[in-house]
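Remarks on the structure that follows.
As written, the chains take the letters A, B, C, D, E and F, and residue 1 is the first residue of each chain.
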Amino acid sequence: MTITRNWLDHAEGSVLVEFGRTRVLCAASVTEGVPRWRRGSGQGWITAEYAMLPRATHTRSDRESVKGRLGGRTHEISRLVGRSLRAAVDLAALGENSIAVDCDVLQADGGTRTAAITGAYVALADAVSWLGQRGKLARRTPVLQSVAAVSVGVVDGQPRLDLAYEEDVRAGTDMNVVCTGDGRFVEVQGTAEDGVFDRGTLDALLDLAVGGCATLTALQQQALTR
Amino acid sequence: MTITRNWLDHAEGSVLVEFGRTRVLCAASVTEGVPRWRRGSGQGWITAEYAMLPRATHTRSDRESVKGRLGGRTHEISRLVGRSLRAAVDLAALGENSIAVDCDVLQADGGTRTAAITGAYVALADAVSWLGQRGKLARRTPVLQSVAAVSVGVVDGQPRLDLAYEEDVRAGTDMNVVCTGDGRFVEVQGTAEDGVFDRGTLDALLDLAVGGCATLTALQQQALTR
Amino acid sequence: MTITRNWLDHAEGSVLVEFGRTRVLCAASVTEGVPRWRRGSGQGWITAEYAMLPRATHTRSDRESVKGRLGGRTHEISRLVGRSLRAAVDLAALGENSIAVDCDVLQADGGTRTAAITGAYVALADAVSWLGQRGKLARRTPVLQSVAAVSVGVVDGQPRLDLAYEEDVRAGTDMNVVCTGDGRFVEVQGTAEDGVFDRGTLDALLDLAVGGCATLTALQQQALTR
Amino acid sequence: MTITRNWLDHAEGSVLVEFGRTRVLCAASVTEGVPRWRRGSGQGWITAEYAMLPRATHTRSDRESVKGRLGGRTHEISRLVGRSLRAAVDLAALGENSIAVDCDVLQADGGTRTAAITGAYVALADAVSWLGQRGKLARRTPVLQSVAAVSVGVVDGQPRLDLAYEEDVRAGTDMNVVCTGDGRFVEVQGTAEDGVFDRGTLDALLDLAVGGCATLTALQQQALTR
Amino acid sequence: MTITRNWLDHAEGSVLVEFGRTRVLCAASVTEGVPRWRRGSGQGWITAEYAMLPRATHTRSDRESVKGRLGGRTHEISRLVGRSLRAAVDLAALGENSIAVDCDVLQADGGTRTAAITGAYVALADAVSWLGQRGKLARRTPVLQSVAAVSVGVVDGQPRLDLAYEEDVRAGTDMNVVCTGDGRFVEVQGTAEDGVFDRGTLDALLDLAVGGCATLTALQQQALTR
Amino acid sequence: MTITRNWLDHAEGSVLVEFGRTRVLCAASVTEGVPRWRRGSGQGWITAEYAMLPRATHTRSDRESVKGRLGGRTHEISRLVGRSLRAAVDLAALGENSIAVDCDVLQADGGTRTAAITGAYVALADAVSWLGQRGKLARRTPVLQSVAAVSVGVVDGQPRLDLAYEEDVRAGTDMNVVCTGDGRFVEVQGTAEDGVFDRGTLDALLDLAVGGCATLTALQQQALTR
């Protein structure tokens, strides 16, 4: 996995995450002010949008802009990324600023939503620094903790970390786990469409996930100190 | 919690679930045949749609049909219900039949998505029986296991089962768990938008959830044998 | 026909109307203020929205929210219900308050639009009382008169009151009549898609309709004094 | 009122109706075949669409194509025109042909929906003749009777025929009546948003309407024999 | 080509352009004020919308309002007309007024976009005069120059002016040219979907176009002085 | 300007074009078969879609997929790219295959539409080779000629090639020119929203454009032979 910061020239924070053949471009955009329902609260707001380019995948998909509506999967992942990022930040310290993080999948090969979260955190951290350098934060350090995410699953009866696309298809169980840098949980989403899982399997998957997130946390820190 | 079967006259399976002040109407509709992408597979298909009436909640919401688009929350829950129901059924045994389960929230007071899943399973079981009585199943018993769902969360530092709406707002952590009748997991979705959770809390919440699902499983069985 | 008031806990007025196998849930929601184009007029505003659950009918219909647009029939009936309710109320006496009445058909067996109007009036009356009890009306009694509605039609050459679904389909002529409590007309909508009608038939249908509305008016009064 | 046939060069039937300052262009388009749900029935189908140009009215309205959705009024009138035209024709005699009649209001000054019906009938009759001349009808004379429509209303307490726009605004009651050439009723739509009406008023309005339609029927016959 | 001014009674400027069998109705609507992004600039704004009635063409097209979205061709031509009209006017002299010009094709027989521009200019000039007569302009003469447009193309190897529909289909190259009254260029749009063109052909087409626009300019002046 | 081929792993042809700070990802996707209206013609079909990522520009734009509709600019450019690419190919030689070329602007700094065309041609050429290697072409060499595009304009009275974004804003005239490899024209689009241009300026701009396209043609050839 490689994390390239400042891949874009205009965005306040931007990252190209490459993870196997998966490539996700994460761009954090700062706006002064917050949505109407939040004005006067003294608190900031963070949103995320996830999307795939039409030919990110093996066969071309129609554009959601052409179809005129967002699919359920897009909605679901955008919401997941947004919640994960908000857990990383003290919104009161952010002040009444908004940060929108766009995660666009340029190429997909499994694990796009977890790559998106992992890269989006780095872009977000850069955007918060950008605000700090301009004296626009309500308090000094809005970032409470880093967040990173991995996919784990059971393939042919074995728990596995970071499912690539081919395995993903054969996986009976698929779990996305978002952890903080110190190993606590932000999101745990386990799905067993083709075969339920018992408590022992769940425990094994969580152990794997916590370990995987720790590795990614180290990569994020490296990237941010470079 | 009460489960009233056959609340509707036309649907192949229908249930009114009442859970505190929450009321969800679940209707299972059978169609012969499957979507185009599944034809010739010999397998059936199950989908779900979740929606709220505009005045289900304390203040009126605009209709999604009037706005012309589904919100992200609606999409997310519809997909969750659909996956949960498919885990209950052997789709090959169902044969090339489709079952669409509509979960419409007539009144909301917390826990609507878990009430929807719990009721939808009963409506689905009735729709499968309806197919069986007409000799339209590929094999005799497509229902592999029952599924039921609960919400659990941490309120004021305490793990709690079946969060009602007021508590829901104060909850730092919220987890929806879908279990089979024998206590294994179908879906685990934990979210910590306002405060992360550690492994101990996760374990306590899962214990509570498994216990809660067992109670609902018993209620479902009672309803189905009445 | 039965009219159950306060079927919902949150709405300012709510009614479940049951009429044969038809069941319509009517919920009146009060908001302070009026739409922009009416501000400063000193007058209130009343709107209505009519919709059917997907499995209200014999075969499942696609949701209008999923299709992303309202059908013509939905639009037409929503407008009819709205006009009928506004005829019942002195909008100046209502003051600058808005009432939105949602009529959701839970099960359909003919006559859903007339059941909706008849129930919606009772929900509206309760919502107006709710405003009165809180001292929010411009004048004491905004409700000028009750409104109720029936379907009449010609089936096999005979004028008939309250068409059930089966009859509805065979009817050459179909007329919806909305009357006030004292027998005057608010709306008269006669349609003869399969066979025109002469003045004598029209007169006979109107006589039947006025009689039918009188019966419903009595039921509404009973419900409101209970 | 003037009716100009063949105002367009391409359409199988076309009429420009001018009625005071109201101008409606009615174009009937023939297609072989019928919609899927009607195939194999041996019967034809007739639809209508009504729309206004943005600057047909005193102030410009936004285009429904730009807004991305049809308004309720447009839907309601399109359906009314369609039902009225279908009442004029024996759909079995039409054979499996479809006729779509577009009624576009170029300028509006009251009575656009009734002008549309009156003109659309003439365009429809021409389109049926076009089919007849090409030997494409199932039987010789699908047109059963002519249809024409008028608006009547009560203005300052007086029943009035053919409400122009200014009066329309002051009208307490507004009724659209569609009659056949021999004076029977196809559609009767009376609305009393600002003031209910009694049976005597209804009778007086119907008398006026029948008389008005007779005049228009004569004009239609003149136009068709020219 | 004929240009009929004041074809509509309500619009501040309106023109029916007839050009062969092509007929386009151009209506200019004045509003005080400008869009939000332009407020306080002291400058006016001009927009255009182009559309076709469903039966303007040989076979009926579906309405874009019914489909719920504008097609690319509609968008492209609306933008072209808007840019052309803005080039004719000194927006600072116009003051903070908006003019929307609707170009609705009643019948199409080739050259609709160029007929639209040519007619729209005349409607626009009338709308500007309307503002001038009411003392609402920032400076006396906002109209800098007239604009007119023609289609030219290569048919069977020969450059041709004013392509009618049949030729249009056979044309390898199609060019729309918008000129000012004194022969300078506002827009040049040449397309060679079926066969590229060399510099010599381009020069010949431009010569033809400039000549054609001069003829239209004379017609516009005649129309405006009548 | 750099052209990187095979930037994606899945697409049949893909190119990252970098031109100053502008970066456009072009992906060509092959499908067997053609749209319904073209079946049986023996001819292939080529389409293009152009879009911008939300943070390609200095300030973030809303996603068209979230807004639920394509903007006019997107439509206009997509059509321009599609027409340009079709001019490069003998569609009969392509056989009944479809190629969709997606041009997604990752970062914008002026000239995105011309960079898109220039890169899309290379991706298209690779996709055609891919078909050729699999023996799926109707004839051997469907590519007739290369196409490349440049922007030219007048800035401060001087004709300039390859307008960067800052100049673009100050440009009175803006022209996009698409040329074949041998210097003939495919598209010429000149716009003078703020100041018309005379024939001399047009000639100077065309000279500049032809020269610029020749340079790009050389770069494309280099890229394709590497």
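The definition used in the following text is that a contact is a pair of C-beta atoms (placed from the backbone, for glycine too) under 8 Å apart; a residue touches a chain by one contact, two chains touch by 3 or more.
Because the structure is a prediction, the values reported are computed rather than measured.
Shared contact partners of chain C and chain D: not a single chain qualifies. Common partners of chain B and chain E, by the touch rule above, are absent. Path length between chain B and chain F in the touching-chain graph (shortest route): 2.
By residue number, over half of the contacts seen at C-D repeat in one listed pair from A-B, A-F or B-C, namely A-B. Comparing the contact residues of chain A and chain B by number shows a mostly shared set, over half of all numbers used being common to the two copies.
Between the CA-based centres of chain E and chain F the separation comes to 27 Å, rounded to the whole angstrom. One inter-chain figure worth recording: chain A and chain C are separated by 49 Å, centre to centre, where each centre is the mean of the chain's CA atoms. Centre to centre, using the average C-alpha position, chain D and chain E are separated by 33 Å.
For chain B, residues that reach two or more other chains under the stated contact definition are 68-70.
One full turn of the ring, starting with chain A and passing chain F second, gives A, F, E, D, C, B.
Within the complex formed with chain B, the residues of chain C that make contact are 8-11, 14, 21, 25, 27, 29, 31, 49, 51, 53-60, 63-66, 68-70, 74, 100, 102, 104, 106-107, 109. Residues 69-73, 75-76, 78-79, 83, 86-87, 145, 175, 180, 184-199, 202, 206, 210 of chain D are the ones touching chain C in the complex.
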